[in-house]
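In the two complexes below, subunit A is the common chain; its partner is subunit B in one and subunit C in the other.
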Partner chain A sequence: MPKTIVCRCEDVTEEDLKRAFERGFRDLESLRRFTGFGTGFCQGKSCLCHAARFLAAVKGGDDMVSDPPRTRPPLRPTPFAAFAGALPEADAGAEEKP
Partner chain B sequence: MATARRLDPLPNTPFQYGPKVDFTFEGKPFSGFAGEPLALSLLAGGVRVFGRSIKYHRPRAPMCLHAHCSSCLMRVNGRPNVRTCDTPCVAGLSVERQTGWPGAGFDLLRAIDVVYPEELRHHELFTSSSALSRMATPYVRRMSGAGELPSGPPPLAFPVERQSVRVVVIGAGPAGLSAARRLSQSGEKAVLFEADALAGGRLLDGATRIEGDGDSTGWQRWKAWSDPATLPGIELLCRMPVVAIYPGRPPTVVAVGEDRARIVQPQRVILCTGSYDQLPLFGNNDLPGVMTPRALDRMVLGHGVLPAEPVALVGDSDETLRLSARLLERGVALAGVVTRRRDGPLVGALQDKKVPLVFDREVARARGGRWIHELELSPQRQREPDRLLDCALCVAEAPAAPAFELGHHAGCRVFFGSQGGYRIAIDDTGRTSRDDIFAAGHCAGAADVTTAIRAGERAAATCLESLAHTP
Partner chain C sequence: MRDRADLVIVGGGVIGLSLAYHLARLGFSDVVVLEQGYLCFGASGRNGGGVRQQWSTEENVLLMKDAVRRYRRLSQECGYNIWFRQGGYLFLARDDASAATLEQNTKLQNRLGVPTRLISPAEARRIVPVLNLEGVRVCAYNPTDGVLFPFPVVWGMARIASDLGVEINTFTRVTNIDVRGRQIVKVVTDRGAIATRRVVNAAGAWSPQVARLAGVELPNKPYRHEILVSEPVKPFLDPLVSDLSNGTYFSQTMRGEICGGLSDPAEPSSMESGSSLRFLSRMSRSLMRLVPQLGSLKVLRQWAGYYDETPDGQPILGRVDAVDGFIQLNGFGGHGFMMAPAIGQLAAEWILRKAEHPIFSTCDLGRFARGEQRRETFSIG
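Up next, the complex of A and B:
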């Protein structure tokens, strides 16, 4: 059987989701913590929907899928320099836009 | 396997070439066109494997070409994990792959994929004793890591502009542009943030059609709408992705560009963040050469880069069928179209051109070593044989996942719907669960560009109305 990849960043397969579900990880958050989907470079942009659809299918309905795991900033990889620039002491160099 | 080629440039694409420039790829001389995405310079030059996956060391190459799947990461000018599809090609770059041993092209660690055909439970590996775990950890890190540390120190602190403006629109796709136009027509001032190098979103797709008010193609609409002169009062900032909304009142919107950042605390936000394209789930769906339809659209129709042919297309939507027809017009060889759509003018046109159409099969798996060379199609009814479709590039469509995250940052209600994924909840005027934040288009579940355009306009109208009622 070839692997069917659900999460490209962390190499999580459809089979991994099934096995994790069988082991008792039956909601999105614990499924994510166990398999690691959504924790890589893209932070779930190409896997969260697949995992949620998987849960909806095995649990029998869209309303059986809970809220998504907390999404935290930043949305994409962001250099620390951006945050460093936003610190109050960096404000001396910041320009005020009208 | 066919070799990569570039199609004759079209005069009317939104993506225009700069001059030819030289850079190095793993020490060897390489060239591309200034300003095109680096990933495309590499694909056009015959690079197939961009990197190796973290656990099984499976080969990876661009899948989305829209800066979200992270399958195109390389080390650029000594910086690891750079998305090459979101990095413009410029003269003098030094580009290297960063994963695999001895390298990404030929990687002995691929053996892991073979040794663990079913699953590799990394939590339970080398955990029988703490000494073993301590010994193994550095090796496991090296094997599964993501490149070496940067060669130089990172930039110190970006200049950060703080700005006060009444309205921020996030995303300059069909919904965001139409919202910004509506605001501009009413004399409102707004900042319009866009992550991509060009405004347009799905209007930049060659296969997009907008229905109603004298049908137009995406590119025609892009031409009419993306000119900043037609948007007085709107400050359009491209290559400035919004990375966070902090949910106070007013909300704090943070956008970070290449070398600067901007922080805005607007009275109103309109979220038009679009959606992320997905691949369907089938065996080896991560094989290089398997991409989303919009990735292929941008690469071939937009930029004229064709890494290989013939192309197999899998999908039922108008966009995928139109993409097939547009590829034919551009002289691209098609291996076939796998679709459940049996009739209608789009299917008829492909039949007239003698494109092989496969109606009663679905994709079971992609086959190939380091690049796709065929699709295995299984019958929908039993007792019919499997079929193989030779191809050197494959696009397969799946429902896109709405980009709901910024709404979630801000505390807006989101919900799950299996046609797509989580999306921002809105009422029919575009209002979210927060009275100062609105959403429109694909991020709130719009199914197509025409709907997204209408939704953008409506959300902007609701936003203006709510501003009028604020002292």
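Up next, the complex of A and C:
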């Protein structure tokens, strides 16, 4: 049986989604948290739509995803060093005692 | 959905579910849990998973000793791997006041059987060689503290509770609590009503709103707390490290990510849950001061949740004067996850009248009116 990969970063297959669904993870956010799709390097940019389509299909087709997981910053993985100088005015309190 | 229950729990976070789990294991499952979102929607699905016994009061040290014991066996009990890793907690003190606090706490913890040690920065560097401890005076290290992965704790407790007969309804919002005279009679949701005489308010940051449905005012306030994770790297960090000078904490997850946050004294009380560049910037700076090599590590994701804060930093537990059958289990600030298994057990025994525990009379809502505020001096983050 060929495998259908849903999330390449975290190596999640359609089988994994099916199993999770059978265990009761039946909304997109729970499915994401249980299987880990969308939590890797690309943060869901390539897999979220596949997972949403899977869910719509198993739930009967007309179940539109109304509240998809939020895309969380940063937009792409970025080194800590790039942010360390980002907002000098936010400095207050970061190093001294609050 | 059932239309009656002996007890209704509002909130499917770790506190509500730990109560349901422990009640069910004691043979009491005429219980309905109501959760407005999915399980893990609230703070229980957004936290750092830190579990420590390094506290400043006897009550909290003993509570957390018990919680650690319970977390050690939870994976086996609930059939989910909660990834509890006891790599320790390492606190860093930079000034006299924090150094004195660590010293005092260590004595108390040792007396209560927690093996915390005060150690020098040089010794701390033997535990975490990459740490830059310039300016650090003294450290406290307890090797039996640790971190866990929160989601499977929530799912595992939910699963056992429901196997034992508790009904858990997700995407079900409580919209009213019907009180006749002084007695609760009914909980109304957007999916129907449940007749009941007992309601537990385990709604975390939403608990003041839920209390108001029954005409009760809570002094709790919600505060946003932000957190982030990096890309995964090879394991190099055993303990969770926490810098007391600004409330920074970070640990390495079992997936290899660095996960952490810090306090922000400028954060106002709100139900704002967005992510800020301010946090990202302050956290990056603080982390790079402690571990300069992390500068090239990439941030993968940041998010936020709420701390449900009370005026004295201790939870609100037990009955309220005005309404019979209305039980509070909320106000856990930044440490409700670690306390949940111990609190759930105590509350279950107390509700079933199997055991009394002083915490339900000293930590009740009435303490504020009685002027008996409690002070735990060691809340972080």
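The definition used in the following text is that the second predicted complex is superposed on the first by the 82 of 98 C-alpha atoms of A that agree within 3 Å, B and C clash if a C-alpha of one lies under 4 Å from a C-alpha of the other, contacts with A are read in each partner's own complex, and residues count from 1 in each chain.
To be clear about the criterion, contacts are C-beta pairs under 8 Å (C-beta built on N, C-alpha and C of every residue); 3 or more make two chains touch, one makes a residue touch a chain.
Keep in mind it's a predicted model, so treat the numbers as computed, not measured.
J.: Touching A:H50, do we find subunit B (first), subunit C (second), both, or neither?
T.: first
J.: Is A:S30 touching anything from subunit B or subunit C once the two structures are fitted on A? First, second, both or neither.
T.: In the superposition, A:S30 touches subunit C alone.
J.: Tell me which partner A:K3 touches in the superposition: subunit B (first), subunit C (second), both or neither.
T.: first
J.: Touch check for A:A81: first (subunit B), second (subunit C), both, or neither?
T.: A:A81 contacts both subunit B and subunit C.
J.: Touch check for A:T39: first (subunit B), second (subunit C), both, or neither?
T.: Second partner only.
J.: Is the number of subunit A residues in contact higher for subunit B or for subunit C?
T.: The partner with more contacted residues on subunit A is B.
J.: Once the structures are superposed on A, label A:E15 by its partner contacts, choosing first (subunit B), second (subunit C), both or neither.
T.: A:E15 contacts subunit B only, not subunit C.
J.: In the superposed arrangement, which partner chain does A:P73 touch: subunit B (first), subunit C (second), both, or neither?
T.: A:P73: touches subunit B and subunit C.
J.: Where on subunit A do subunit B and subunit C both make contact?
T.: Common to the two interfaces on subunit A: residues 34, 40-41, 70, 72-74, 77-82, 84-87, 90-91, 93-97.
J.: Give the list of subunit C residues in touch with subunit A in this complex.
T.: Within the complex, subunit C contacts subunit A at residues 38-41, 45, 95, 151, 155, 170-171, 230-231, 245-247, 262-266, 275, 277-278, 280-289, 294-303.
J.: Using the touch definition up top, name the residues of subunit A that touch subunit C in the complex.
T.: 27, 29-30, 33-34, 39-41, 43, 70, 72-74, 77-87, 90-98
J.: With touch defined as at the start, can you tell me which subunit A residues reach subunit B in the complex?
T.: Per the stated touch rule, the residues are 1-6, 8-11, 13-16, 19, 34, 36, 40-42, 45-46, 48-50, 52-53, 56-57, 62, 65, 67-68, 70-82, 84-87, 90-91, 93-97.
J.: Can you name the residues of subunit B that touch subunit A in the complex?
T.: Result: residues 53-56, 58, 60, 63-64, 67-71, 73, 81, 113, 117-119, 122-123, 146, 154-163, 195, 241-246, 254, 256, 261, 263, 276, 278-279, 281-286, 365, 399, 401, 403-406, 408-409, 414, 416-418, 420-422 of subunit B touch subunit A.
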